[in-house]
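In what follows, chain A forms one complex with chain B and a second complex with chain C.
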Partner chain A sequence: MIRQLTGSERQLAAIMLGLVAVVGVAMAAAGRNDTMGVHGLIVMLFAGALMYPLFSAIGAPEPTEDREASYYDDPIKVGIVLSMIWAVFGMFMGVWVAAQLAWPGLAFDGAWSTFGRLRPTHTSGVIFGFGGNALIATAFHVVQRTSRARLAGQISPWFVLFGYNLFCVLAVSGYLMGVTQSKEYAEAEWYADLWLVVVWVTFFVLYLRTIARRKEPHIYVANWYFMAFIVVVAILHIVNNLALPISWGSAKSYTVWPGVQDAMVQWWYGHNAVAFFLTAGFLGMLYYYLPVRAQRPIFSYRLSILSFWGITFFYMWAGSHHLHYTALPHWVQTLGMTFSVMLLVPSWASAGNALLTLNGAWHRVRDDATLRFMTAAAIFYGLSTFEGSFLAIRPVNALSHYTDWTVGHVHAGALGWVALITFGSLYTLVPSLWKRERMYSATLVEVHFWLAIAGTLIYVFAMWNSGVIQGLMWRTYTGDGALAYSFVDSLVAMYPYYIARTIGGLLFLIGAIIGCYNMWMTVRAVPETVSRQGDLPVAATVPGE
Partner chain B sequence: MDLDHDTVVAFSKSWGLFYLMGFFLCAVVYAFWPANRKRFDRAKNSILDQDDKPWR
Partner chain C sequence: MALNERDPVTGRETTGHIWNGIKELDTPVPRGVLMFLVVTHIWAIGWWFLVPAWPLGSTYTKGLLGVDQRTTVEERVAEARRERASWTAKIETEPYEAVLADPELMETVRQTGNQLFGDNCAACHGRDGRGSAGYPNLTDDDWLWGGTPELIEETVRLGINSTHSGSRIGQMLAFGRDGILDRNQVTNVAAYVYSLSHADYSTDKTAEQIAAGREVFAANCAACHGDDAKGNQDLGAPNLTDDVWVYGGDMQSIVSTIHGGRQGHMPTWDERLTDGEIRTLSLYVHDLGTVQP
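Coming up: the complex of A and B.
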């Protein structure tokens, strides 16, 4: 990896790592005994850990081959590995917190291991760690292949990838120490947020510059989705995290948004994180890897354009459906509800487009578990967007809000759509990136698929049941107008569903671990594809062209 | 003009709607513009090429 870099690029990387380490020292000095001091130490260790591979190869001979003749795949490979590590970590934390709800003793009386601290390590671990790394890796892959151009930088892809992972490490380690902004999916504190801005803007510039170098005149639609993901996440992140630290040496900060405006900004962020982090980028994967795997072009390219603009413009307004029956002005709630219902049109356009692409290739879906991963993802995408539009309707929300139904809905999307499309894409990507004939074991892909499906269904059905029961128990009145059940009554009724949920999550986790093993063995044990050097058109091999 | 709550609501309920409809029309026109058909067909088929090298 380091051998691909020229001498001056290696020096630049060393200087950048040195600067990061200096920032770490400054944070440790300013923070002292505050959690920020510990984070300073973590930043130093992170930079030091990256210096090791850099300096062990810094004197190696420079690359002699023409780098522009091939795509830049090293950062993608590392991104896939990081993504799978985060998947196992994040899903394990999910199973643990799920088990804590059934058996509270599993917190082991530690402060760091209470539900409130562990839950964000699960959400950030799977959304940002697993999903984010997969998005960065596939974005780097798709933009190069569809633009027919190499990434527009040698160091910046590494900066984006490792910088992003430093953010994830700071976020997750902070939660365990009790650092939080108390904003859902934006719990990380101000210095981590500032760092993410730097990383994300670099990502944006890198993506734009690569598109600008394209040899293919038309920008394929998957790139539009990835661009929307990058641009909008930058906007959301900056606006929602505007905050003033109580001092330069403290991890604690206060948001600039007061009262109900804070709630509105937070859920504008929160729902668009679902829209642009967990949907737009993954639709980019869907529009590239599904046609490639099925070896059929997308059913309707026009429809993909219309659904792109539909999703981009409708989603922006949907966030206020999280604040039904609150102090938020009624018309803003209604606006959010209306746009959420309208969203069904572009969402189903994408899901239908994906499924119609497979029309005529259903035998492949039957035989190939990787393609089936993506097919199931499209189906779950259709189902969970329908459920989302439905739950956003105010009277429905009166029953579902604050219950496990919401949790079930999120996991229908996160497990059924996001994780399945990611696994399908990675199973397509791993053999092609490492130039292997196939995955190590098709049977294990099949096992992973069925574990993931079974886990998702168990999870979602358990949460539907418990959510509806909760909602009904909370709104049941006796003849004289008092509440029929106490909160604890409803909690006791949840017990079997919480156990079922833990089992569903555990099956999903086991599937992911099997996936890791299968990918590892693919790289280690499957022979490389025989080079097709002799099977190219003559013109392409003429030197000097 | 006084920029109070009602003014902002009135603005978003009128111009907010118009710009959204205008935007929708632009997207539809772009998607169905006859000259774009060839370009779209090429784009959706080009990702299926087996060639895995940047073009020079």
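Coming up: the complex of A and C.
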């Protein structure tokens, strides 16, 4: 890690870590009577933990002149490791909260372990911890390979990766202490949000500068999606998190958005987090690793253009479908609904483009579980975008809203699409990055695939059933025109589905743990290959670049 | 562009772009995709004409159908209220005896009350109304504050030790902890109370203790629970002779009740439920206690 940095870069890194530690001290002092003080300590520890590898190698030999002649892969490797650690953590939390719904005693009478606090550790753990690290790692990989250029920075990739993980740690540890903005998927408080702005803008600049160095005349589709992901997430994050802290020493803040406008901003954020974090970013992954693994050209460049602009344009309007039949004006709901339906075509165009790319490679899909991960991901992507447009239609939403159907829909996307495309991409990336000829065990990849598919299907079918039953129970009237069921009756009816959902999640978690083991053993036990000569940037041949 | 490579599987030309080995075919957008795109757009535009859709400064396009979710929900609520009026009016206005005497109306009370009870009462009294430790069983026709619909209504409206200004107030003193009774007196009176519902507990061995307990009871407990220990519904003092217990009827529980006192809480529902709902619930709970299988 450190050997790739020159002496002055190492000094700069040390100064930056020192500054972060000073910020931690300031937070600990200003927030000494508040949970923010604990976060100050965590920031100090985080900076201290990173100083250890830095100072233990501060005197190591400097990199040679031809550093630019190779891709910058160290941050990608660390990003993959962090991603898999977060995957296991986040999915474990998911299984725990799922089990709590069936067996409430599993909160063990702790405040920190109540459902309300653990649930965001699950969502942030898997979306931002697992998904975010995987996106950063693959974005760094894809942009270098498709631009044939090394990343345009030596320290900034590390700053982005570790800075982002510091945000995740502050977010998740805060939830356990009860620190929250109470905005779904944006629970982290103001100082963590400010920090993420700095990190994200650095990410944006780094990505743009690397694209600017590209040695290919065109910018590949995957990069369009990664760029959309980075730009729009920055906008969403800033606008939704505009808030005033009650004091500089307090973790509590109030949003600047009043009333229904707050709800609208929140769901404009929430839906576009799905669109640009969980869709655009992962489509970037799909557009690189699927054709590489299938060894097939992309089915249609024109379809790529249509779906990219369709997705980026239409998604922006769709957020209000989360607020059907609320205080939000009717006309805003109409726009959200109609744009959600129009969004279906570009979404399906992406899924279709991916699946049609596999024409001529279906024998590989049959034989290669890694490619099958990505194929199944594209299918789940198609299914959940259809379901999303369907649920956005107001009368359908009248039945599904507030029920487990929503939860099932989200997990069809999160498990079936996001996690499967990530595992497929990582199984492609890990051997290539560590220059191993293959994964440690193809059988374990196969086992992981079937565990993930079984887990997803059990989960999604359980939630479809339970959601539809809930929705119907809540709107069933007796002959006298009175409600037939109380809310608690619908809870009793959910019990078997909550157990099934826990089992589905558990299978998915076991698969992820097997994946961790397989990746670990690939790096540890599979011999290095020397046949990666071609994997070099073009910059290698341009001195002074 | 004629020099672009042709893909042997599909027969399509590539675009000529190559990124680290990835190529793209120049396949036109399939006609089905374009048609689907047109269909969803026509549907959306049509919808915009029919219902409120686009903002216009301080107003918005109202749509040809003239619908609005606010008026829709008001109409639906009014309609539902009209449909229910046939029986809600009777429950709200007729005396309880009249409703109880009307089997058809009572069937409606059982259905509606079941939902109201589930949403408002079940959290403490249990979905089936059988209560649990500290929360009275409502199905056994054994009442702390009275079991007629009128008295139940009063309990529901006022609550017990609640925030309502006219709340029912009931408290049992902490006889042991506050030093009113010494340790011996507590165990003696506990033995006496226990023997009231367990005739076989009175033996030669316990007779002396029970007799001592009876004296303690007369001096300290009878004011609320009555000389005969059959309780007093005006004070919410339970009958101690029937082996029905709110806080447990084993000797240990009785001792700790006498030692530490008891004070139950039930919230006031006066402002939270409508008159009709409170009357329905009062009938429902009364009915729970009387139609036991």
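Before moving on, here are some points about what is shown:
Everything that follows uses one rule, which is that the second predicted complex is superposed on the first by the 529 of 545 C-alpha atoms of A that agree within 3 Å, B and C clash if a C-alpha of one lies under 4 Å from a C-alpha of the other, contacts with A are read in each partner's own complex, and residues count from 1 in each chain.
Criterion: a contact is a pair of C-beta atoms (placed from the backbone, for glycine too) under 8 Å apart; a residue touches a chain by one contact, two chains touch by 3 or more.
Computed from a prediction, not measured in an experiment: that's the story for all the values here.
In the superposed model, A:148 makes contact with both chain B and chain C. Contacts of A:69 after superposition on the shared chain: chain B is touched, whereas chain C is not.
Once chain A of one complex is fitted onto chain A of the other, the partner contacts of A:359 are limited to chain C, with no touch recorded for chain B. Looking at the shared chain after the overlay, A:344 reaches chain C, while chain B stays out of its contact range. Of the two partner chains placed by superposition, chain B and chain C are both touched by A:288.
Of the two partner chains, chain B and chain C are each touched by A:298. By the touch criterion defined above, A:482 lies against chain C but remains apart from chain B after alignment on the C-alpha atoms of chain A. Applying the stated contact rule after C-alpha superposition, one finds that A:313 touches chain B and leaves chain C untouched.
In the superposed model, A:218 lies in contact with both chain B and chain C. In the superposed model, C is the one of chain B and chain C that contacts more residues of chain A.
Overlap of the chain B and chain C contact sets on chain A: residues 145-146, 148, 216-218, 220-221, 288, 291-292, 296-298, 301-302, 306, 331. Per the touch definition, chain A reaches chain B in the complex via residues 68-71, 144-146, 148-150, 215-218, 220-222, 288, 291-292, 295-298, 301-302, 305-306, 309-310, 313, 331, 432, 545. Those residues of chain C whose C-beta lies close enough to touch chain A in the complex are 7, 9-10, 14-15, 17-30, 33, 36-37, 40-41, 43-44, 47-48, 51-55, 60-61, 67-70, 73, 80, 83-84, 87, 108, 111-112, 114-119, 122-123, 127. Interface of chain B with chain A (complex): residues 9, 20, 23-24, 27-28, 30-32, 39-48, 52-56. On the chain A side of its complex with chain C, the touching residues are 145-146, 148, 216-218, 220-221, 288, 291-292, 296-304, 306, 325, 329-331, 333-335, 337-339, 341-342, 344-345, 348-349, 352, 359-360, 478, 480-489, 492.
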